[in-house]
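First chain A sits with chain B, and in the next complex the same chain sits with chain C.
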Partner chain A sequence: MHVIMLFGVLLSSYLMVATKRISALIRTFRYQSLFLFMATFAVALKERQAELYAIAGLLLVIKVLAIPHFLYRIIKRIRPSEDLGLFINAQLSLACALSFTWLSWVFTSRLITPPGGTQGIMITVAFSVVLAGIFIMVSRMMALAQIIGLLVMENGLFLLASTVSGGMPFFVEIAIFFDVFVSVIIMGIFVYRINKLFTHIDVNKLSSLKG
Partner chain B sequence: MQIFFILGIPLLLGIAAILVKKERAFGIINAIGHLAVLSLSVVLFKDLILSGRTYSYFGFIYLDALGAFFIFVISVVSFAAALYSIGYIRDEVGEALISEKKAGLYYALFNLFCFSMFFVPAVNNLGMLWVAIEMTTLISAFLVGFHNTKDSVEAAWKYIIICSVGIIFALLGTILFSYAFSLSSGGMKSLNWSDMAASASGMDKNIMKTAFIFILVGYGTKAGLAPMHTWLPDAHSQAVAPISALLSGVLLKTAIYAILRFGIIVIKGAGFQYFGNLMILLGLVSLIISSGFVLVQKDLKRLLAYSSIEHVGIIAIGFGLGTPLAFAGALLHIFNHAVTKSMMFFGGGQIVSAYKTHNMNDIRGVIKSMPFVGIMTLLGVFALTGLPPFSIFISEIMIIIAAFVKGSYLVAALLLLLLAVIFGAFIYHFGNMFFGKLPKDMTVRTERLSGKLAFLFLFFQICAVGLLLPFIKKDLLWITQRLFHI
Partner chain C sequence: MKILIILLQTAFFIGTAPILSGLITKVKNNIRMRKGPSVLQPYYNLAKLFSKGEVVSDTASWIFRATPFMVISSSLAAAMLIPILVPSGSMYHMGDFLALIFILTLGRFFLALSGLDTGSSFGGMGSSREMFISSLAEPAACLVIFSLYLQFGATNISAFGGAGRLSVASLVAGIALFLVTIAETSRIPVDNQETHLELTMTHEAMVLEYSGRSLAMLEMASYIKQMIWFFLVAQIMFPVAMPASGDIAQLAFRTLWYFARILIIAAAVALVEISLAKMRLFRVADFLGFAFVLSIVATVCAILGV
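Right, the complex of A and B next:
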């Protein structure tokens, strides 16, 4: 069961890397968060810890419901073009994402655990999701894609934290959720401002400050 | 006990700023509040240094002499910035650049920013440390984009995105540290620095070393270490002048504090060599890159920003050398750079707002048009480039001597060479600005009293440290040993 969720998380990161449209990106991010929620919820059911239920609940409320809703609202308000503006085309992006997974596997098996085992797989998935997030950030021109890339990285870290150290202390986890939520809102505010001042949200064209 | 007031006062001021409508009155209240914070932090620092004790409250707040030192540095600069803000904001309101309501927002954000920075050295939990540093980014992004012009919003966007990505790496490193800790302690879950430092020698070396790379990339981005520095010149040059001073003077130092905290764990667990080499490498890269940009710079505030990268590089080299003298020099340099660079940003801010341009080629005859600011900034240039008898000279010479004594001749030689290059560039740029022919339409401007006080307060500390310190060097080494429990 757990492995299926994990596979879902990985697969959705591939889909995000390959997609060309902003609404599809947000939708897939929502699926990824949903898989993450289900994985956490499954662990919570097994271990019967109140804290885990709370974390799963927060995941559902913030990352599955609130943040995608907020991002959709931005799109509705400012109506950017659907195109994400790919520096690297979809096929090549997907190839990159696959190679990231391989790299994470090498990294994990060399360094972290004795190779193999469920933990090794989970860490590999976590690292490749983080790398996919970075990739989305640097190879897409639209400002909203950068926000989502950041969130994808954060998802990967959440997975990593829950695998390697059994999750962070409860109040730290809460603080990080709060922090992520606030940072998305603030970045959203800046996207509005950029749109108002520049009449586009193409970060590739934000290049007046140099040297 | 003082720490609760140090954290509480900015928070209360932040809330009060929204409620109090008169920006003029509030500016003065704000400065008085930060004076109180400053005196409390002096008391706290003295107490912890002399007694060598550590305070811990609820296992959440942990204070030792190192943390108290950083709190002291932050409070010095935040007081100076609060003092300077009174006149600066009044001018902006007077010229109708911002509304009275927006001035209230400025003071609220200013205090929240200070609060989040004070929180960084006080907190024990490394996860909360991460949250606090990310909070500083989020709050100050508004202060960078405060004027809502195209340039400032672009700078704020780059700032928030680059620092958030960087800091995610720091979180990754933190998670790996906690993994190494839980392996060594049989599955115990803790992110407390005091726990990790206590059992550092038992932690897995490989994981720790890898984790430290992530920490260095993550917090190094925030500290402005090259090559992760790209956000820094944009943000520092576009922010409101008092905020530039805070960003450059102390925000970078809070990230250095975070690196040091992890560094202490790595030094205890995996030996000094690894930590030292990485710090020296990043420090030299920062120096080389910044000296190049300083040479060809045209924008006044960007020049100062690149100089911050240079000084962060010097600090990193100081910590990387690792002898007690180098550590003392690096810590002292943190303080010296904080006060000197704040003064320079105040001066730079005044010049930019008087001449209405950032371009140094269009700024001429500053000494004639603004006598007080001009002379103070000129002295600041001498202090910043490391001329005696000012304080930066002392800390730089300590680091260079430490490098020679340790036998790192290459590091010492590069440091001297690059410092000479930067010195030349600064004298060239500022010489033209100060002594050139005054443009026709410029009138003589006088500085407000609050602004003068801010300049004099900082200048006093530059001189005091520069003149008195050579006589108490022995005590300084003793203090450093206290700070790092060596």
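Right, the complex of A and C next:
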């Protein structure tokens, strides 16, 4: 069950890499967070720790409900064009994401001596989600995609932390959640200001002068 | 005896194939708060077409006349390869999943030729689109087969359902094959069966010149093909281990199980059709590219053994 949820996280990161529209990107981020929530909840049910239930609840409230809602509101406010602006087309992006997964598999098999098993798979998935997040940040023109890329990276890091060290201390976890939430709000306001100043949110054209 | 079982089984499969399209249309219409045609409408259409006369263009060659027979016989041959109710009673030892895909491709090849044959611009357009889509769908389907082979050690279709337990690799492979199925059965994100609007058709454009009995044969062939693809997805996604004994209770259970899982797939297809808009033709490349990525993931999962 847990492994299926992990593959849900991985596949939704592939979907995010392949998508061309901003609303689809946010919706898929919501699904990814939902899969992450279900994976955490499955672990919590198995281990019966109150802290894990709390973390799963925070995931549900902040990443599945609050952040996508906030991003949708920004979109509704500034009405950007639906097009994300791909530097690399969808097919090639998917190929890149696959090669990231392969790279992280190679890395994991060097890291862990017996490279099979659930832990190896979890670390591979976590690394490839982080790399997919970086890829979304780098290769998309629209400023909102940078926010979502960062959030995807954070999802991957959450997975990594929960596999490598068996979860961070509870207070650190809570602090991270609030940091993420606040940073999304700040970046959202930032995007809003960019839009007001430049009348677009294309990061490719930010350095050109406005006359 | 065995031949009789094979014939009966295939007849059952063919007889239940058109009802699937009727069901999908019914589900879609009910979601749209409409009444919709009867579930048996495909049968009425076939009966009507079989009783009508046929018009063939003067410029058409023998390919145009031979194509309906080629297409329907390839569909029938493919249907004989799959174990429907009695696993021992099919011709699965004559060909595996790969053979099935290539037999279906033979029918498609002739269909594309016949689209070009009459020289109408729609037919040529439909043929070129069909070839474009199939060239993208086939690699994904083949990789799905390889991942299943890695899991079960056989490419026989009866081997896939035998595990009794759904692994991650099977799940991902099933999703990939579902996307391929949507493309192969010309369902909505890829093609639209409901309209004859010239800009959107693929399959309908190729059969536009046919009428009467030939059209009935082509439609029947596409119903059978649709049933085959749904059955394959169902076989991968809902595996159940069944004892090989052939008493009546077993047979009844198999029949029920056959209908139940095909209905689940059909309902999923209807939901996909109702909730998505048709894609631009060049977005199909992304759609099937994603199916290809999924099938690679399935292969990797099968190698990892999860």
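Basically, the second predicted complex is superposed on the first by the 205 of 211 C-alpha atoms of A that agree within 3 Å, B and C clash if a C-alpha of one lies under 4 Å from a C-alpha of the other, contacts with A are read in each partner's own complex, and residues count from 1 in each chain.
Heads up, the rule we're going with is that a residue touches a chain if its C-beta (ideal position, glycine included) is under 8 Å from a C-beta of that chain, and two chains touch if they have at least 3 such contacts.
Just so we're clear, the structure is a prediction, and the values are computed from it rather than from any experiment.
On the shared subunit chain A, the superposed partners chain B and chain C are arranged side by side without overlap.
In the superposition on chain A, contact of A:L206 is made with chain B only, not with chain C.
Looking at the shared chain after the overlay, A:Q91 reaches chain C, while chain B stays out of its contact range. The larger set of touched chain A residues comes from B, when the choice is between chain B and chain C.
Contacts of A:I121 after superposition: chain C is touched, whereas chain B is not reached. By the touch criterion defined above, A:L197 lies against chain B but remains apart from chain C after alignment on the C-alpha atoms of chain A. In the superposition on chain A, no contact is made by A:V129 with either chain B or chain C. Angle at the C-alpha centre of chain A formed with the centres of chain B and chain C, after superposition on chain A: 160°, rounded to the nearest 10.
After overlaying the two complexes on the shared chain, residue contacts for A:F7 are found with chain C alone; chain B is out of touch.
By the touch criterion stated above, A:A18 is placed in contact with chain C alone, chain B being left untouched. With the two structures overlaid on their shared chain A, chain B and chain C come no closer than 23 Å at the level of C-alpha atoms. Shared interface residues of chain A (contacting chain B in one complex, chain C in the other): none. Only residues 125, 127-128, 130-131, 134-135, 138, 141-142, 145, 148-151, 153-158, 160-161, 164-165, 168, 171-172, 175-176, 178-179, 181-182, 187, 189-191, 206-207, 210, 233-234, 237-238, 293, 296-299, 302 of chain B touch chain A when the two sit together in their complex. Of all residues in chain A, only 3-4, 7, 10-11, 14-15, 18, 20, 90-91, 94, 97-98, 101, 105, 116, 118, 120-121 touch chain C in the complex they form. By the touch rule above, chain A contacts chain B in their complex via residues 111-112, 130, 134, 137, 143, 146, 150, 153-154, 157, 160-161, 164-169, 171-172, 175-176, 179, 182-183, 186-187, 190, 193-194, 197-198, 203, 206, 208-209, 211.
In the complex of the two chains, the chain C residues touching chain A come out as 168, 171-172, 285-286, 289-290, 293-294, 296-297, 300-301, 304-306.
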